[in-house]
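Naming follows writing order (A, B, C and D), and every chain is counted from residue 1.
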Amino acid sequence: MLEAKTSGYEDLAPELQTSGWLNTPQSITLASLRGKVIVLHSFQMLCPGCVQVGIPQTQRIYDEFDPKEVAVIGLHTVFEHHSVMGRDALEVFVREYRLHFPIGIDKYDDQQQKLPLTMRAYQMQGTPTLILIDKAGQLRLHKFGHISDLTLGLSIGTLLSEKIVPTKTPTATQINDANYDKNGCSVRVKNT
Amino acid sequence: MLEAKTSGYEDLAPELQTSGWLNTPQSITLASLRGKVIVLHSFQMLCPGCVQVGIPQTQRIYDEFDPKEVAVIGLHTVFEHHSVMGRDALEVFVREYRLHFPIGIDKYDDQQQKLPLTMRAYQMQGTPTLILIDKAGQLRLHKFGHISDLTLGLSIGTLLSEKIVPTKTPTATQINDANYDKNGCSVRVKNT
Amino acid sequence: MLEAKTSGYEDLAPELQTSGWLNTPQSITLASLRGKVIVLHSFQMLCPGCVQVGIPQTQRIYDEFDPKEVAVIGLHTVFEHHSVMGRDALEVFVREYRLHFPIGIDKYDDQQQKLPLTMRAYQMQGTPTLILIDKAGQLRLHKFGHISDLTLGLSIGTLLSEKIVPTKTPTATQINDANYDKNGCSVRVKNT
Amino acid sequence: MLEAKTSGYEDLAPELQTSGWLNTPQSITLASLRGKVIVLHSFQMLCPGCVQVGIPQTQRIYDEFDPKEVAVIGLHTVFEHHSVMGRDALEVFVREYRLHFPIGIDKYDDQQQKLPLTMRAYQMQGTPTLILIDKAGQLRLHKFGHISDLTLGLSIGTLLSEKIVPTKTPTATQINDANYDKNGCSVRVKNT
């Protein structure tokens, strides 16, 4: 559930850093979505917990909620097995699974760093990760692993009800799931 | 989803009219719950759509949401087969299915009328029916049949975000589901 | 899985002892079904493990397999809460859940004994219980609790393949499930 | 269900033609499995119907049935998007999904033909395809799309019950599913 505590995050949720997009004619920035609640679903196409739970949930949000109020964005944050989860593979995956929401490809620097840039900026622990950003652009929920439809719906409903009042006060909170089940793909386990 | 249109309902959601309660030491009134969002789930213990979908959803709400903010109430609205869905049968059902939320028994007058009193007051079409009542006591959602966890969660989140401002303006809305699937138990089909 | 060990059972599976039938114009005896593989599903209408798992599985068998080869029989073995699971309640249950396979009511003697007669004869531990009887009338599988569709299908396929050779050798086996999960209704827990 | 009709197939099920194997130290031939019932599951790692239904079912068979009697083999029959479903991608998929049954890679000739060799020999229509081969090496069931656990279990049980009698009589049958649902990947739709 949403909390309004401060955290180590910046005032605004970090902007997306992508190397490409699918299902949208042009790149999407968080800044361009001010006034909407943003559901950002970070996944990898070969992560079972994403394919079986996270992606279907994201598609349901995209199908059920009003796009004028709730912006749904997928983010392909590949942090392992890069050679088999490139853009060409992702395109096949998206077409075969009939996904229709816009999906950005998290920017990855082969030479410099282990994790893709947006993943790093958000300090994501692995995939699937669900992030909620409020109308003012603040990070309000950060969940590694699964979250129930009921609780996710309630969180979105709460953010939708907020008046848009730009604020300097950090209000982000991070829900870590230490006991996240085996179907998730954890950075800690795999990249160390 | 919630709507704020007027309807034929009274300003306040009709008070419960019960002949008994389970899972609570004393009777519950809607009036006593002002300030909370109320989830009222109307069911019959031998209605498949209730047993398979509605009741598990109600139990999930009861398990996941804060009881100080969201009051979950079951209502046994028997409108057919009264002889086999009496209080004794309901008690066995509730124990075997390990239901823990409070359940009222909708008052039924053998001699005078066809439908139990609360069911009549709400003009319910059958079971399962889900009703949301806001903090001020207004009826805000009335759904015969199933509603997704996402949309229900969003509706509850929206109501939780509202300031408690008593109002005279009717804000109720009724979502009827003309195409409700066969697992539901409809008054129209069975009681005419 | 089927085993061919001997057990304390008689050569032939005990005959059904019923006080009535639903979904069939006349009583059914095991003896009348010689030459068919018999799937006997023992349940109680208010047992969650029966309603959620056992009965849907039985209905699938009834829908998928050839009735000329596989006879599907439900048996309502009420061993508790008799007053709310009588024939009238069962009739409502069967109609509401749209069950179509024949269902016998296990004979119960209010005065003399605790358990219904067929249940006693088979030494059932509770509900749901699944019993397979081969073409020659021998008890071949006795399972308290759940059994997967794959393993059940394989067992039925094995029995279907057997030639009908009446034999005096007891071949029954009993698969007890000591760790049967909480949704089942156990005689030991409830009737002692 | 199994049928014993003749078909255009050869007496023996065509031998596998593979370019590599996973989850087994050495290549597997059908010939080496005589005496066992063989469950051959043909899939593509980016085919939703395979990932969501076919592969979990195959894994269940592998988990529940005795490997001394039932040999479970996966076959990666890629007929489209070869560049993103190569051996390296398959290895990641198999590891992430924790599949443990042996998986052969259907041999594909880039220059000469459209479909991989084993897929051609079996005239498969797409993925997922399930094939049952009896103890004598005859093709006995060929199913494009999904098959229920009950019916599949029954078919395997029937084949397990057969005596091993080498025969010259073709007994294969092919169950085509003209109305196979959209999650399957059909050759006709995609490769023409």
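Keep this in mind: a residue touches a chain if its C-beta (ideal position, glycine included) is under 8 Å from a C-beta of that chain, and two chains touch if they have at least 3 such contacts.
None of the values given here were measured: they were computed from a predicted structure.
Asker: Give me the chains shared as neighbours by subunit A and subunit B.
Answerer: none
Asker: What are the chains that subunit A and subunit D both touch?
Answerer: none
Asker: Farthest chain from subunit C, going by the mean of C-alpha atoms per chain?
Answerer: The most remote chain is A.
Asker: Could you put a whole-Å number on the gap between the CA centroids of subunit C and subunit D?
Answerer: 35
Asker: Where the centres are mean C-alpha positions, what is the separation of subunit B from subunit D, in Å?
Answerer: About 50 Å, centre to centre.
Asker: Cα centroid separation between subunit A and subunit C, in whole Å?
Answerer: 50
Asker: List, in ascending order, every residue of subunit B touching at least 2 other chains.
Answerer: none
Asker: Which chains are in touch, pair by pair?
Answerer: Every pair of chains meeting the touch criterion: A-B, A-D, B-C, C-D.
Asker: Under the touch definition given earlier, write down the residues of subunit B that touch subunit C in their complex.
Answerer: 46-48, 51-52, 81, 83-86, 88-89, 92-93, 96-98, 185
Asker: Can you tell me which positions in subunit B touch subunit A when the two form their complex?
Answerer: 60-61, 64-65, 148-158, 160-162
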